[in-house]
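Two complexes follow with subunit A in common, the first pairing it with subunit B and the second with subunit C.
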Partner chain A sequence: MSRLIWPALFVLAAVVPFLHPSGYLLDVGVNIMMWAVLAYGLNVMLGYTGLLPLAHAGFFGIGAYTTGILTLKAGWSFWLAWPAGIALAALAGLLLGLVAFRTRGDAFSIFTLGVGVIITLVINKWDALTGGNDGLNGIAPPAGLEEASRAIGLKLSGGFYLLALLTLALTVLIVARARASSFGLSLLAIRGGEDLARSAGVNVYTHKLRAMMLSTALAGLAGGLYATYVGFLGSAVTGPTTTFTVLLYLLVGGLGTLAGPLLGTALIYSLTQTLKGLQDYQYIVFGPLLVLLVMYAPHGLAGLWTRLRANRPARAAKTKEVSGA
Partner chain B sequence: MLQQLFNALALGGVYALVALGLTLVYGVMRVPNFAHGGLYMLGAYLTYAALTGLKVGYVPALILSALGVALLAALMERVIFHPLRNAPHVHPMIAAIGVLFFLEALISHPKVFGPDFKQITEPLPGIVNLGGVTLTWQRLLIIAASVLVMLGLNYFLKRTLTGATIEAMSQNREGARLVGINTNRVGMLTFAISGALAAVAASLIAPINAVTPSMGEVMNLKVFAIIILGGMGSVPGAIVGAFLLAFTEVFGGFYISLDFADVIGFAMLVVVLALRPQGLFRKGT
Partner chain C sequence: MLDVENLGIRFGGLHAVRDVTATVPAGQITAIIGPNGAGKSTFFNLISGFYRPTTGTVRFQGEDLTRRPTHEVVARGVARTFQTTTIYRELSVLENAMIGHRVRTRAGLLDALLRTPRERQDARGSRDGALRALERVGLVRQAHLPAGALTQEGQKRVGIAMALASEPKLLLLDEPAAGMNPEETVNLMALIRELVAGGLTVALVEHKMSLVMGLADHILVLHHGQLIAQGTPAQVSRDPAVIEAYLGSHAHGGQMGQGAQGGEAAHA
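Entry: the complex of A and B
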């Protein structure tokens, strides 16, 4: 039953652009799916492995800027530049992991926060390559996307929507497969306790490195999509604020769950878009929300749902026992 | 050359005060308090508010700001970090990020202080000539005040009973509780001291640098780099790390490039962590 929910959801979502909704609605949809991919990347580390990396916006930036620079300055096709961006983000993740995993727990988070800031600084200062403060302007939509959209009776915005949907579906598929594999189980063992995992025969260092690469590759995937969709890149989006915002999405949705990253992103992103008054107070509200979530609902929306479902049969079993006695 | 030396000493003093608070809290509570930079920023704004709003002198303003931030930090411990003490260790970190977010957004909101920078005038304007080296009075004041505060803190930690309870708790939490130390009170006290130190440091450097809502972010990263360098929770490590970073920044900025100064600390951090992951002053983990 639950195996059918995800495909059904994606098929339903794929029908949306054919109903000719407003451009605004499609834009919100693309943004939600794009940021959800980044949230899935963060979830691999924080939700499954139990480590809090704070450089994810940086890797998002590496993916975005690689895609942007290769298409704008080197004249590559987007379809080649995007994978290159993903590969570079994963490689950078590997390099960071090689050093950062020498530290444990808290120091790891602090260290990655520092690296995130370095990435943003480098992007901001390296004028010749990244355009510095002015950023990169005029990144073209993927070649052929407009023609392909027209062929199925959609505008370019509809094409972008479907591209984002495909990206999201691929992400969910990869994460779900990874989670179910022995690799995913090893990550959960690491989350439960590194020493215990090691004594059970899990190669902790290698698995953490792999998780990091998967996580940063997903960040790069989201970044490349962002570059071509928005068409403009500035260094601000690669900074800690983006990491924190995505962290909030993830916490609201539910750490370590498959539905959580999408749920949280959809809810918080659409809330900030619809409640215009909220935008001025956005972070004044988000900050305490983050605190309240970890204190009272650390498993987020998806956690509430599982708890409700878990409670129901338990209660039923209890009543049976009572009546049996 | 000597000029740069004094600049580095002043900067190192400020870094040391902020880093000491952070390392004390880490030692006692095992919480990397990401909100520490927020407290530092708040300290500068409270001093500014006391100077312009209450029209008090620089020293009373500094004391008021230290008290205010200390109170807030103690409250934070009670309401947020104490209830989270047994949660997975990423939870208090995320909560601290939430607090940092909140403080920054609150201060930069147009109805509070707004996003523009504020200027605090120097309490002792002018320069002083020390054997051929010209220094501003403010820098000299920073050096003197930070040394004084550090000596006071050292006396408190080593020579008083209350101070000893902080050390005891950072060495062994359970042991401290077993010998009858009220760990709740020590936790609050440590947070209060850490907040006060951050506020003092911010008020000292504020007349030289502008006061902005984002000043806490940069400082946050630097002091975290410092305490990782010095070994998390180590008091002498924090002081040595602070001066090490200040000297590398000032001389790196002087001899190499100013743009480079902000990155140099992190470059140093990467190198040290690659060679000695537990920091310079801690044996194994």
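Entry: the complex of A and C
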């Protein structure tokens, strides 16, 4: 059934810009899809492999800044700069993994958090390359996007929306395929117990490295899109605040599920936008909401859905099983 | 089949295993016994490549495995199970076995993303390999249940299936009968005999003497991390050093049983 749900969902979403909604609505849509891609990247590590890396905004930044610098300063086409940013983010993920996977558990999270902060600092201080505190201004929209949008009767915002949708669809496809393979099953084995996975013959180290590369490549994918969409880059967006925001999206949506990252991002991002007028007081709404979520849906929205569907007779067994996961 | 020479490991100042030289003969059932804290499990972790020894060598079919990472040891044909029912309870029985078969497949992340022919072939192979293993332990009908829903004995079988799915030549069982009732223990013994009859070599650590004496062809006795005796069950149970080791430690007096003075106590 879910094989049909996803394509149907994407087709439906693709129709939206043709209904000529407000620019604001399209902007919310693009942002949700963009941040969801980053949440999917984090989910590969935290949801499937069971490791919490806290440098993802840094890899998002590497993708974004590579794209921005190559288009602005080297005059590359966005369509080449974007893949370059993704490749660099994956490579950086590999390098981080080579060192970070010598640690486990909390030490791994703290180590990667430190690396995330360092990435932001480097971006902030390397004036000549990144523009430092001033950031990078005037990153152009992808070549040909405006023309293509007009050809199908849309504005540039509609074109961006469709580009983000395609990116999200590609991300979901990639993650779904990885999860369904024996590679993905090995990641679940690592999540369930690293020692057992090792004894069962899984090469834990190389599997973690691959998972990390996939995860950071997706962060780079989101970053490149962000660069061209927003047109301006500042180092703040590459910092831990972004990482923790996306972590929140993921936790709300449901770890280790295919729908979770999108659901969580959509809900929390729209809520943040709606409550923007309240400024700092919005946390009065967020706080209790999170407490309720942790109490009644510890496995996120997607987990709640699974539990409701698999209800009644199997319920006791199911909750027990989930808590053991 | 498996030869260890001067094998030892030290944790800080403690010699958990010291200078053990022994052989696990092919096609037989070898039991590793000894009082609590004798270093059996540590020895087990050494030969399965889980711990790195500080001294000595482990050879399997003539090949030195001493410094190999665990997954390579598994690839060479040595698989193990854990003391308690250590399996993936939230995954299905089939998926557990498929994880065990992973070491025989090559498809990686790129294969998965591009759905290469290798990925498809491996996906089939992995399923088939897992089902073969489940067949050997009699769990084919439960393949799609979550492993955590099975009985204690069933979960033990899942653990064994996970090890068998890696297509081992030597199977290492760490206290396979722990937590089992007598009837389940008998079933387990029958399963182990069946596997050995099918050409597998088995080595096990076990506390239940009825199982050891009824099953093992060859016994290694560890005490304070050292090998104090080896031989057939009859030889070992008559060995003065073994009797001393068991009767000397009060907590386990008489555990040795059968033929030795402690025979009655074992059945008490």
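One rule holds for everything that comes next: the second predicted complex is superposed on the first by the 292 of 325 C-alpha atoms of A that agree within 3 Å, B and C clash if a C-alpha of one lies under 4 Å from a C-alpha of the other, contacts with A are read in each partner's own complex, and residues count from 1 in each chain.
One rule holds for everything that comes next: contacts are C-beta pairs under 8 Å (C-beta built on N, C-alpha and C of every residue); 3 or more make two chains touch, one makes a residue touch a chain.
It should be emphasised that the depicted structure is a prediction, and the values quoted were computed from it without experimental measurement.
Enquirer: Touch check for A:102: first (subunit B), second (subunit C), both, or neither?
Expert: first
Enquirer: Between subunit B (first) and subunit C (second), which does A:298 come into contact with in this model arrangement: first, second, both, or neither?
Expert: first
Enquirer: Please work out whether A:110 is in contact with subunit B alone, subunit C alone, both, or neither, and reply first, second, both or neither.
Expert: First partner only, subunit B.
Enquirer: Now for A:286: first (subunit B), second (subunit C), both, or neither, which partner does it touch?
Expert: first
Enquirer: Quick one: is A:50 in contact with subunit B, with subunit C, with both, or with neither? Answer first, second, both or neither.
Expert: In the superposition, A:50 touches subunit B alone.
Enquirer: With both complexes overlaid on chain A, does A:153 touch subunit B (first), subunit C (second), both or neither?
Expert: Neither: A:153 stays clear of subunit B and subunit C.
Enquirer: Counting contacts the way the document defines them, which residues of subunit A are shared by the two interfaces, the one with subunit B and the one with subunit C?
Expert: Touching subunit B in the first complex and subunit C in the second, no residue of subunit A appears in both lists.
Enquirer: For subunit A, which residues count as touching subunit C in their complex?
Expert: 174, 177-178, 180-186, 188-189, 192-193, 195-204, 210-211, 213-214, 317, 320-322, 324-325
Enquirer: Enumerate the contact residues on subunit C facing subunit A in the complex.
Expert: For this pair, the touching residues of subunit C are 48, 50, 69-71, 74-75, 79-80, 82, 86-91, 95, 98-100, 102-103, 105, 107-109, 111-113, 115, 119, 122-123, 126, 146, 148-149, 162-163, 166.
Enquirer: What does subunit A use to touch subunit B in their complex?
Expert: 46, 50-52, 99-100, 102-107, 109-111, 113-115, 117-118, 121-122, 125, 240, 244, 247, 251, 280-284, 286-291, 294-295, 298
Enquirer: Which subunit B residues qualify as touching subunit A in the complex?
Expert: Listed in rising order, the residues of subunit B that touch subunit A are 26, 30, 32, 34, 80, 83-84, 87-95, 97-106, 109, 217, 221, 224-225, 228, 232, 259, 262-263, 266, 269-270, 273-274, 277, 285.
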